[in-house]
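Across the two complexes that follow, chain A remains constant while its partner is chain B and subsequently chain C.
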Partner chain A sequence: MYRPQMPLWKRVLMSIAMVIATVWLIFPIYWAVITSLKKPADVFKLSFIPFVQFRPTLENWQTELTLRAKEVFGGLSTSFIVAISAAAVALAIGTLAGYGLARFRYQRWKNKDIAMWILSQRFLPPAATVIPFFLMMRKFGLIDSPLALILVNVTFTIPFTVMILRDAFGELPLELEESALVDGCTPFQTLVWIALPLVAPALVSAAIISFAFTWNEFLFAFILTYSKATPMTVIIAGTQDVQGVQFWYVSTRMLTAVIPPTILAMAIQRYIVRGLTLGAVKG
Partner chain B sequence: MAIRTRDKDRSQILFIAPAILWLLTFTLFPLLYSLYLSLHGSRFLRVTHFVGLENYRMVLTDYRFWQAFRVTLTFVVVNVAATTVVGLLLALLFNHPIKGIRLFRTFSTIPLFAAPVAVGYICQILFYEEGGPINNLLVTLGANGINWISHPFWAKVAVCLADVWQWTPFAFLVLLAALQSVPDELYEAAVLDTTSSWQTFMHVTLPMIRHALVTVVLLRTVEAFKIFDLSFALTNGGPGLATRTLTFNVYTTGLRDQNLGEATAIAFLLMTLVLAVTFVFFRIYRGQYD
Partner chain C sequence: MRRVGSPKSRRALAPYCWVMPSVIVIVGVMGYAFAKGFSISLTKWNPFLNPTPVPVGLGNYVKLLSDPLFRHSVYVTVVFAAGSVGAEMLLGMAGALMVQKLRFLKGLVRTSMLIPMMLAPAIAGLIWKLFMDIDFGLLNYFLSLLGLPEIGWIADKTWVLPSVVLVDVWQWTPFVVLILLAGLQSLPPEPYEAAEIDGATRLQAFRYITLPLMKRVIVITLLFRTIFSLRAFDTIFLLARGGGPGQNALTLSMYLYERAYIPFHMGMAATASYIILIITLLITAVILGLTHGAGSTE
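The block that comes next holds the complex of A and B.
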């Protein structure tokens, strides 16, 4: 970081810029929060500050969590099941492949080409596989099943887990693993007992990124599910048709959908840049 | 760096086999299936007979395809340019040890991890024409409200603004990380050698963050081609076809109109377009993912 002495006026300007940028960043979420705390009569008024400009109410949240709870909790539990399962599978596959790419030299194809091939999955527009995937799942009787969503989201998040873990393993010193191998461990045992504990932070980050991407996925969820296995993203898309412009309910739903992945992501600040660029930029 | 193992290649292949088999099954196979579908007719979501390139001919002579093509390209160009430029400016501005930067960085991750479909609906509240906060503010300031949802041009602007809100933090965080890894000595040397901060930027900063900048543009481009959730939630593709992207068309053609052949043809054209763009990128910037 460059640290020249800055004159006071520059620092003041910078603080102002930061305040503006923060407001811009937070405003949509803030507005959703206060909309969820407004009575219907207050929703279409330009009032920002609870207690001062309008009397906040928890009624919308109460309705959401009691009368309309079945839908919301159904969506949340599907989202959690699908996102956790997909993250677990993607992590297992990514750990193995990441270790393989970091530690072995493959003969038939170069490691770089294998990594690039796995990565290219991320460049593919999901629309390219949505129709055949729908037909495949219909063939297997997996329409409206969480399993279909797990399968598709593992596919989408494998590039993240592979690349994050490849880099994490690659940065470990070789000596520990080599001595384990000399002592008679198989490569797989070396991975599990020696290398894996050392990359715990990368594992957590890869898991959270997979979780969040699965949680937020919409196109496939929308096409593959309709009643029993609808995750949160599909539930919130349904809110509109049913409720019209009842924004006080829309906002409670949106916040419920947005909170879990964003909270988790805040825990992995250090890995976000590396994770989201699939290892191309080290944060 | 490779590790020395006593096992032969055979056990090593088991490490990458699951990933490769998974992607063969759930990416490559669907793509081949998609190619097959795009060459066949269909009725009620069932494949009928081979039609050759008929589906492609139908798609390429359909004004809705070209409309979606233009919309998609517009979104890609506008959003990639806007997120990258704004993100770079913010990164340059905040690349100093200032109070609150850590908190600001934490806030920046919120849009990145919010579901685009939720962002779309939240923006629908913001852009609501009769009594939404943005129009209310405009009216309070004495201007006219804007038809954010019902006017073809402003609907595109609204979708772009939502996308820029969501993805500028990506460019910002990546470029800030890149800037912070530039060694101080380089700047100090540059400050002695050159006269203006513009020269410092062009000759010192830019070459050092070029790799990160290319990565941002590449990944943003790829993501922008995928836009569907946002326009689905915010404008439902409308008014008319104004915010229908190619992905949106794949969905409406394939699952609403149940025309599998044309839908997969659109999907294939979209994929070819994206892969062509990424191919060009990798030709120009070799070693982006070494």
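The block that comes next holds the complex of A and C.
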């Protein structure tokens, strides 16, 4: 990289800019953490350093996890069930398609066209399909059912799993699989016993991206559920209407919803760029 | 079939079994929704008042396009997309160049960039709504610390759209930084070495080496952000429900939801969704045309 020595003042300026940018990115989460640890009376005093400026308390968390436990755990369990199921299904069928696209040459439609076609639905505005989805789910009696959310999110996340795995399989050397085929494995056995273990990191990242995407989905969950199957995002968005400016209450709830996808995403940092751009940019 | 990757397989149909499950799900769900949506858009239909849709041909399209509020929402959507994507690309490029030069704590900065991206847009909207509260919000507190006049943020006609753009920029600039950073790190060192020998300035190196080499990545990023900002819903829904003061944050998605879905004008809602799709395709085509198709997937 072309890197003539920068003058000191420029480097200092750049470091300051980086620090400000990082604080700016993390601040909302930090604010949520300290607000969740404040007594309601301290919330509006705008203090930022626990122990020095205010005495932290776990009261809000206690209330949240005892009095309001039913609502919170209901939402969390729906979110987990829907996100895990959707990720599992999308991963299973996406892996098959990814392997197919990486290992066979299609005659009628080109591999690239099939991949593009699977991808293209990611670019439809969700508002464009939400009404037909609502009508479809109403017909099947799936309104307010986790099944509807699983189905919708599988459809949305298939492109992620297909593209991530297609690239991962594409980078494997052919020899291992060829020798397995020569030894009499069927292509499917070759996939399961030879190729899959080798792409384990890609499998994990595809699963996590699907999980995080489903976990964070709001519009369809909002339209397709109203009480039994409302996931965490919808419950939180509803909190503000009931609770007004009870910031401490909103912040505990927000943190419970934010933690799972964030921690998972940090575990797969290396793959995140490739995953989120559907393989268009290699990270 | 015996040989992996052989150009001619003995059983031509077998490879299709691999992609079939994905194709079936996508056709079954998205294909159905897409076709159904179009047929609804040609009718006048309120499922709770008159259960059978009345065919009106292209009537809904004519009605929508002549509705001043709808045209206003097209304008709002374009301003929102142009403002947020423009700011994200500029800040993102600056950020990527700076992070690339970092010698310490690069990992920490990269990790902290995941936080906004992994926050559900609905939750990001909510948290910023609290920050933008006129009386108790942090933003006004900081403004008063700096001796600046307080702002109405999302409660103010002039500020509601910039406020929504601000939140979008907060959430998605890191995405742009990460992608551009990945692009920068894959650039070959040779052109820069040549530039150094020729005595080029850093600015010249950026203009004549980095930008051309990064073109493909930049276009892909631009496309992603444009398409996704045109369809943004969650954040705006939380920050400016009903379009905000003076309907000045009434994007097309919000129009569809508030003006068509909520009053159960299903035909109008479906029509609005098709117009959103057409606008998205048009803008995508314009971007690709301006950049000579540099963003194709391969």
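Following the convention adopted for this analysis, the second predicted complex is superposed on the first by the 268 of 283 C-alpha atoms of A that agree within 3 Å, B and C clash if a C-alpha of one lies under 4 Å from a C-alpha of the other, contacts with A are read in each partner's own complex, and residues count from 1 in each chain.
The working rule: contacts are C-beta pairs under 8 Å (C-beta built on N, C-alpha and C of every residue); 3 or more make two chains touch, one makes a residue touch a chain.
Fair warning: this is a prediction, and the values are worked out from it, not measured in the lab.
**Q** Given the superposition on chain A, are chain B and chain C in a clash or a fit?
**A** Once both complexes are aligned on chain A, chain B and chain C clash.
**Q** Touch check for A:8: first (chain B), second (chain C), both, or neither?
**A** Neither chain B nor chain C is touched by A:8.
**Q** Would you sort A:106 into first (chain B), second (chain C), both or neither based on which partner it touches?
**A** A:106 sits against chain B and chain C alike.
**Q** With both complexes overlaid on chain A, does A:67 touch chain B (first), chain C (second), both or neither?
**A** After superposition on chain A, A:67 lies in contact with neither partner.
**Q** First (chain B), second (chain C), both or neither: which does A:170 touch?
**A** So A:170 only meets chain B here.
**Q** Now for A:45: first (chain B), second (chain C), both, or neither, which partner does it touch?
**A** In the superposition, A:45 contacts chain B only.
**Q** Intersection of chain A residues contacting chain B with those contacting chain C?
**A** Touching chain B in the first complex and chain C in the second, residues 1-4, 6, 14, 17-18, 21-22, 24-26, 28-29, 31-32, 44, 46, 92-94, 96-97, 99-101, 103-107, 112, 114-116, 118-119, 121, 123-133, 135-136, 151-152, 154-155, 158, 162, 174, 177-178, 181, 187, 212, 215-216, 218-219, 223, 233, 236-237, 239-240, 245, 247, 250, 254, 257-258, 261-262, 265-266, 269, 272-273, 276-277, 279-283 of chain A appear in both lists.
**Q** Looking at the complex, which residues from chain A come into contact with chain C?
**A** Within the complex, chain A touches chain C at residues 1-4, 6, 14, 17-18, 21-22, 24-26, 28-29, 31-32, 44, 46, 92-94, 96-97, 99-101, 103-107, 112, 114-116, 118-119, 121, 123-133, 135-136, 151-152, 154-155, 158, 162, 174, 177-178, 181, 187, 190, 212, 215-219, 223, 233-234, 236-237, 239-240, 245, 247, 250, 254, 257-258, 261-262, 265-266, 269, 272-274, 276-277, 279-283.
**Q** Contact residues on chain B for chain A in the complex?
**A** 1-7, 9, 11-16, 18-20, 22-23, 26-27, 29-31, 33-34, 37, 45, 90, 93-101, 104-119, 121-126, 128, 130-133, 136-137, 140, 165, 169-170, 173-174, 177-182, 184, 187, 191, 211-212, 215-216, 219, 222, 225-226, 228-229, 232-233, 246-247, 250-251, 254-255, 260, 263-264, 266-268, 270-271, 274-275, 278, 288-290
**Q** For chain A, which residues are in contact with chain B within the complex?
**A** Touching chain B from chain A are residues 1-4, 6, 11, 14-15, 17-18, 21-22, 24-26, 28-29, 31-32, 35, 43-46, 92-94, 96-97, 99-101, 103-107, 112, 114-136, 138, 151-152, 154-155, 158, 162, 170, 174, 177-178, 181, 186-188, 191, 212, 215-216, 218-219, 223, 232-233, 236-237, 239-240, 245, 247, 250-251, 253-254, 257-258, 261-262, 264-266, 269, 272-273, 276-283.
**Q** For a test of understanding, state which residues of chain C touch chain A in their complex under the given definition.
**A** Per the touch definition, chain C meets chain A at residues 1-7, 9, 12, 14-19, 21-23, 25-26, 29-30, 32-34, 36-37, 40, 47, 95, 98-102, 108-131, 133, 136, 138, 141, 170, 174-175, 178-179, 181-183, 186-187, 189, 192-193, 195-196, 200, 202, 205, 209, 217, 220-221, 224, 227, 230-231, 233-234, 237-238, 252-253, 256-257, 261, 266, 269-270, 272-274, 276-277, 280, 284, 295, 297-298.
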